[in-house]
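The letters A, B, C and D name the chains in turn, as written, and every chain counts its residues from 1.
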């Protein structure tokens, strides 16, 4: 399986605090989740790369794309967004993380504003599994506790998730649908809430397990894709 | 519309604290939500009534049944449960409140254990609306805050709700899917989490609004019901 | 309730066959579904109108918008599409009919290609109700038979419907998810498959009932809408 | 993975026609789908076996149970049904085939009548994939055509499926939700419509692929299961 991790990679260069937490970039930390998995081939790409590292060739061979962005959503060029959307509809999996909720590609695939409440106050977050039979929860206990995170609160303006896997509790009084899945065309999409750039969230063992589980669940399904357009009736089709 | 409010009506007779909060019974407090609604005819029934007040005749004319039970689930007789299930499948709406999660009728319609976490610790509850376009949320703000309630926490062992309308936050660190809808046969079911018997929850203005909204949403749909069994092919059916 | 019926209104002017079926336009035929309903105020708008008849003022007072388009989807200007999407997210209902599946507004709200199979062969269509408890099916029997219609077949490239109310059978061997609902922001969306412009489908009694039922179901919910952005914690909020 | 195939095994002994189609029993034909899969261990059980072959020990080690029954649903003893339900809620996958829609275990897990329309008329069936990204459709084209099958038609009185993967078309004018998934407790359930006992459906290459795909999808998820009952608040829990 070919996994491509996309990170806008700006905070890590501008903010010493973030640099200190993620010396190899957020994409580097995420890439390390897959260390030792021989059947997964991981690559990374950033905003500054030519075509943001999302060339036709690169996307064509990508099975699952992971997306982290925050301050530079508008700098992602529209034709590249078109390209990513097209690949999702063709079958590529897409894992959108944290502030990626406001990325062009996520808003494009959802059709809503994807807006939410937020607060930076070093709050405790407790992420509860509400779908115990879902493969994304494999190996995870009842809840994941993060000692300090940014708060994201409802209402989260997304379409009704096809599957709601986790719901977060925050110290200050909010809840949030933290792990949600969607089907779009031949592809699948997961939104997973954690990791604000100033916290070491992507080193947390359970968060890393969930990311790996998401990628497995997002793997494309191999089959003869749908055919669209003018169609012949059944009696004129020669059957095998 | 004919609404029947069923209450096991035991705590109010055994526990002075509950008696003090609900002098007219929990069913009495719920009935008062509909005061002044000329198009709603409200009746009540309790466990001690003949056939628990759920005779064939009574159920036949009931459009929406509201259910509150706690310590006497096992005393509800199986043939009566069969009868209520049959009426739901025929189209009667069913609103299950709070500890009714463990009632025979709710477990029967869900197919799961309907188990959950709980704690009696006078905790603050904040019920968030996560489906802002749902009629059950009409007239309700972003969240309802209850100063003191019993905690119910995930995992709540119910089937995936057809619609998840509200999610609760509790002071002690839990979340809960507090307002969930299901379709069963020609009928609809809502589970709504609040009101522990020792708190004045059913006098809270927003909780009362939600109960009325649920009843409206649960109204039976009038149509020629499905026909089952051996069926003729289309070409032999004379069409209107 | 204010209903606005939008029709591109081109076939009726270019094609004598369509003109003969719909002398008052498709919008005229749809408008007549609401005749005699004193609580519904109906207006119509077409592509040729200034701003396609979808001015800020007009949309601001519209509760439910009905959309029929086919050959001129590309002529609907993007800023108008932005405006309609914004209003749906604010709470306006949207009923998309037949070839409107390829309209800019429907694709925008779905995030997918909305492509499908089709065939013009005067085929029999049988629309089966698969959700008997849904208000959209009120007054409708088990199935609606249309003697001649255009075939639309799976795969229909839409997101998984929040609710699937009807599924069509076509003589030539196809099925189609014909009545599907979605929630987007504070608004609701229904896609309903029938009426090709050359058939008198919008005069069929049951189709007219479904259109009225859809409009009722799409009515906006009145409540304090979600607030987004930086939020204070619960303990700092003065509660009523 | 341990797969247990349960078949009531009556038609094959009473009806020469069925005996001729399935000389090794329907369970034998289904078992042969897994031939050559070294990581799948297949066993079979029938109604006539002691405790119907569904002892505590056997169920405890079963990962996925496949169920085929028709004329003897009532002969399956209630304590055995309790036992199977308990194992599904613990995490065991359950694949219910064809006339198993009326089995006690399926009705128990659904909460509805599970009734439907049917006709034995050697009709053509075309099973359309409506969820192209679902792993159950892996390796399957747009539709599966069965030259002759029993018709099953809507309305099928099941709860709204969590996922609707396939919809059938029948020659005589009906549609049917043919492949539907549900989550119950820690376990997953699939209903898959084909194979009437008098047709060689379980030898059809695509039907066999779907059965194998279903079993893979139904595999239990390994994790610390939910804990129910009285719970301590977060601040008193010592975190790892």
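Everything below uses one rule, namely that a residue touches a chain if its C-beta (ideal position, glycine included) is under 8 Å from a C-beta of that chain, and two chains touch if they have at least 3 such contacts.
Everything quoted here is computed from the prediction, not taken from an experiment.
Taking the definition of touch as given, a chain qualifies here only if it contacts subunit B and subunit C alike; those chains are A, D. The interface holding more C-beta pairs in contact, when A-C is weighed against C-D, is A-C.
Relative to the C-alpha centre of subunit D, the farthest chain centre belongs to C. Rounded to a whole number, the gap between the C-alpha centres of subunit A and subunit C is 31 angstrom. Each chain gets a centre from the mean of its Cα atoms; for subunit C and subunit D, those two points are 37 Å apart.
Contact of a single residue of subunit A with at least two other chains is seen at positions 126, 129, 131-132, 142, 153-155, 160, 162-163, 173-174, 183-185, 226-227, 234. By the touch criterion given at the top, residues 126, 128-132, 142, 153-156, 160, 163-164, 167-170, 173-175, 177 of subunit C touch subunit D in their complex.
The residues of subunit C lying in touch with subunit B in their complex are 91, 124, 126, 129, 131-135, 137-142, 145, 147, 162-163, 183-188, 220-227, 234, 239. Looking at the complex, you find that subunit B touches subunit D at residues 85, 89, 108-113, 115-119, 121, 123, 151, 153-155, 157, 159-160, 162, 171-174, 182-185, 226-235, 237.
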